[in-house]
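Heads up, there are several structures right after this.
Two complexes, one shared chain (chain A), two partners (chain B, chain C).
The block that comes next holds the complex of A and B.
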C-alpha cells in the first residue's frame, strides 16, 4: 500500500519537480542527470513492484496446489523427509552476465547484471537453452504448415508440396529434434516428481508448473532489481558531483 | 576507489533458498535443488525449531559462495536477520525477499526498496539545498 502511494507520488508534479530541479541545477554546471536515467529508475521500480505482485499470485497458486496434492496423496508422501540428499546437480540454473563493460558506477551495487534462466538443462544444456525458447514458435509454424497441407485439394497439395518440399522437410527435421528436447524436458520434470513416488497427483504436477512460472518471474525481478540499483547509483553519483 | 572487483560471469549458477518447507518443496519441484559432493544443499528449510544463528550462518554461507547467483529468502525470515540483509552490499548474489504462505510481501520492509526510498522523499532535495 505504501509503495502504491509512493508510485502515485512519483506521478505527482511536486516530486517530479524536485527531480527536475536536480537536473536543472546540474545543467547549469554542464553535468546533467539524464532524464532517461530518472525514467529508467522510475520504470524499473514500478516493474519491480508489479512483478512482486505477480510472484505472490504464482506462489499462492503453487501453495494451494501443493496443499491439494498433500490432501489427495497423504501428508507422508509430500514432505521434506523425502528430499534426495544424494549428490545431484541442479537442472534449473542461471546464466549471469555483467552488462557494463567498464564500471560506470563506483558503487558496486550499481553495476548491472543480466540474469537468464536455464530450465531443465540436462545432457544437452546448450540446445535446451537455445531451442526451448524457439520451440513453441517453430512448432506453431510446423503445425500451421501441416494444417495448410491438409486443407488444400490434391492437385494444390502436389504443386504446393513440390515447391515447399525442402523447407518442409527441414522444418519437420527441426521439429523432430525439438520434440526430442521436449521429451527430455518432460523426463526431467518426471524425475523431479518421482521423489514423491511413481504415481503422483495431477495437483503436484500443477504445483510444479506454478513454481516454474514463479521462478521465471523471480529472474525478471532480479533483472529489474539490477536495473533499479544501477539507475539509482547513477543518480546518486550525479547528485554527489553537484555538491 | 570502490567497486573495482569484477562481477563474475557464470553459465550455470545456482539459486539458493532460505524459506519454509512448502516454498522449498515447490522450488525443488522446479529443478532448483542442488546437493554437492559434501552433501551440502543449496537450501535451508526454516521451521519453528530453526535458530536465528542457523539462519545467519546459512545466509553468510550462501552469499559467500561464488556459484550462487540469487538467494531467495522469505521476507519474514529476512526480518529475523534484517541487519545482516540490509548491510549486504554486493550485486551478486542478488538477495530477493519473497512472500510466504502466512506472511504476505510487504514492500515497506524490502531491503532493495528501502535502499532507494529516500529519493521519493520531498524533503531530501530541500534539506540538501540548505
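The block that comes next holds the complex of A and C.
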C-alpha cells in the first residue's frame, strides 16, 4: 500500500513535469491553458501527498495506542472477541454528492464529487448536520491554505485557527455551542467504547481519537483526489483542444 | 508468631520456596530485553527467546508468528509452573496459591458474560480466557440473564461465591452493571485475600499486606481516572474502592470527587510513596502513569525475595512473570508495528 502511494506520487510528479512542458509550449504558441487550473491541480496534488502522510501518522499512532491500551487493561478486555454482533445503526456514515454545475466534463473521471462524513448519527441530527456543514466549510477554507504538516493533529489545529478569525461575539456564542456539542460527542464516543467496558483506560480513548482523525483524513483525501482528477481532466481537455 | 517461621516453615514449604526461587532466577534480565528490543521481526524475537526458558514453548510455532501467539505460549509456561507448585503444596499454602488466581477467574467470568451479551460464540470466548482463571462450569455462564441467575446457576459452587453477596440483583446484565460487578467482585476478593494473609500472620502477613495495599491503592487510582467523564456517580465510584490500603479512608474521599487527572495528582501527592510516582509525570498527562505504577510494583515484588520463610515469594513470582509477559507483549507489538523507537515507553526492567 505504501509503495503504491509512492508510485502514485511519482506518477503525479511526472504528470506535473508534463503539464509544465504543456504550459510552456502553449505559452510559446500564445494559447496558454488556464494557469488557474494548473495551479489547482498542483495544489491539490501537494495537499494529497500531505494528507497521505498525515493519514499514515494517524494510523500508526492509533495502532500503538491500541496496543498500549491492551497492555494497560489486559488482553481479555481489549480483544476483538468482545465486538458486538448485534445489529446496530451505523454511528458514522459517508455521503457522496456530485457537485452540480461545477463539472465541466461528462466523463466520469472528470466529474468532481463531494464526500462528507456524518458522525455520531444517534446524536441530534439537526445539530449534527449544522456542525458538519460548518466544519466542512472551515475545512474547505483551510484546505486552500494548507501547508505541509507531519502531525496527525491537523484537524484540531485547523479548527483552532479558524475560530481565531471570527468576531468576538460570534466566537463566544460558537464556543458555548461547541462546549455542549463536545459533551454530546464525548458521550457518543464513550458509548462506542462501551463494548470494551464502561471504565476504559485513557489510552483506549486516545486510540479512538486517532482512528477518528484518520477517518476524517480519509474523507479529505477522497475529496482532494476528486479535485485533482477533475483538474487533470480539465487540463487534458484543454490540451486536446489546443492540439 | 513472627520470627519463628525459620523453625517450621521448611517442613512443608521449604521445597516449594526453593522451587520458586529457582524460577525467579530464570526471569529475563536487562541484557535480554536489550537484545529483544533490537529485533527486527517476531521471528527474531522467537530466536532470542529460544535461549531462555521460553524456548521450549515457542520452538514448534510456525512462521509467521503473531503477537498473541508469543503471549499465549509464555503464559502457558507460567501456568505449568503454577500447576506444579499447586499440586505439591499443602495447606495453607495451597489456599494461598489458589487466591492468586481468583483475579483471573473474575476476568474470565466478565469476559464470558460480556461476550454473551454481545452474542458471541461461547467456544470463541473460552479460547480467550486466561488459563489460570478457568473452572469447570465456566461455559454455563452464557445462559445467565441477570446477576441472580449468574450466582444461582454457576458461581455458587465456585470460589467467587462469597464475593457475590454485594452484587446480587435481578437487574439485567448491561455494560455498566457488568463493569460495576467486575470491580465489586475484585474489591471483595482483595479484601478477602488481605484478611486471609493477616490470619496467616508473621512475615507473610507483613509482606503481603504491603503488596495488597499497593494493589488496592493502584486500583483506586485507575478506577478514578477511568471513570472521569463517564456516567459513574461519585457514590458508585467510592463503593468500588477497597476498605484497606494507604489511601483508605481519607485518600478515597478525595479521589471520589476528582474530575480530572490534576485533581487526582493533588490527592495522591499527599502520600510520600505516590508522590515519587506522580513526580515522573508532567501536569495533565496520564500516559506514563501505568508504567510508573508497574515500576513501583516490581520494586516491591523484588524486595519480597529478600526475606525467607513466607508465602509472599509465590505471589511476587507470579506477578513478576506476568510483568515479564507484558514486557514481551509490548516489545512484540512495537516490532510488529515497526515502532521500535517507542519500545521503552512501557517496558519495565525487573533486574
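Please note the rule applied: the second predicted complex is superposed on the first by the 150 of 243 C-alpha atoms of A that agree within 3 Å, B and C clash if a C-alpha of one lies under 4 Å from a C-alpha of the other, contacts with A are read in each partner's own complex, and residues count from 1 in each chain.
Assume a contact is a pair of C-beta atoms (placed from the backbone, for glycine too) under 8 Å apart; a residue touches a chain by one contact, two chains touch by 3 or more.
Since the structure is predicted, the reported quantities are computational estimates derived from the model, not experimental observations.
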**Report entry** Touched partner set for A:92, first chain B, second chain C, both or neither
**Finding:** first
Requested in this report: Tell me which partner A:72 touches in the superposition: chain B (first), chain C (second), both or neither.
Outcome: second
Query raised in the report: Which holds for A:84: it touches chain B only (first), chain C only (second), both, or neither?
Result: both
Report task. State whether A:201 touches chain B only (first), chain C only (second), both chains, or neither. Result -> second
Query raised in the report: After lining up the shared chain so the two structures overlap, which partner does A:181 touch, if you call chain B first and chain C second: first, second, both or neither?
Result: neither
Query raised in the report: Of the partners chain B and chain C, which touch A:190 in the superposed model: first, second, both, neither?
Result: second
Report task. Could you tell me if A:210 is touching chain B, chain C, both of them or neither one (first, second, both, neither)? Result -> first
Query raised in the report: Regarding the shared-chain residue A:120, is it in contact with chain B (first), chain C (second), both, or neither?
Result: first
Query raised in the report: Which chain A residues are contacted by chain C in one complex and by chain B in the other?
Result: 63, 67, 79, 83-86, 195
Query raised in the report: Taking the complex as given, what residues does chain A use to touch chain C?
Result: 60, 63-64, 67-68, 70-72, 74-77, 79, 81-86, 186, 190, 194-195, 197-203, 206
**Report entry** Complex contacts: residues of chain B adjacent to chain A
**Finding:** 1-15, 21-37, 39, 41-42, 45, 69-70, 72, 89-92, 94, 96, 98-99, 101, 104-105, 107-108, 110, 112-113, 115-117, 119-120, 122, 124-126, 128
Query - Touch list for chain C against partner chain A, complex - result: 68, 71, 107-108, 110-111, 114-115, 118-120, 124-125, 127-130, 175-176, 178-179, 182-183, 222-223, 225-227, 229-232, 286-287, 290, 326, 329-330, 333-334, 337, 339, 342, 345-346
Query raised in the report: Can you name the residues of chain A that touch chain B in the complex?
Result: 2-3, 6, 9-10, 14-15, 18-19, 21-22, 41, 45, 48-49, 52-53, 55-56, 59, 62-63, 66-67, 78-80, 83-98, 103, 105-111, 113, 115, 118-121, 125, 188-189, 192-193, 195, 204, 207-208, 210-212, 214-215, 218-219, 221-222, 225-226, 228-229, 232, 235, 239, 243
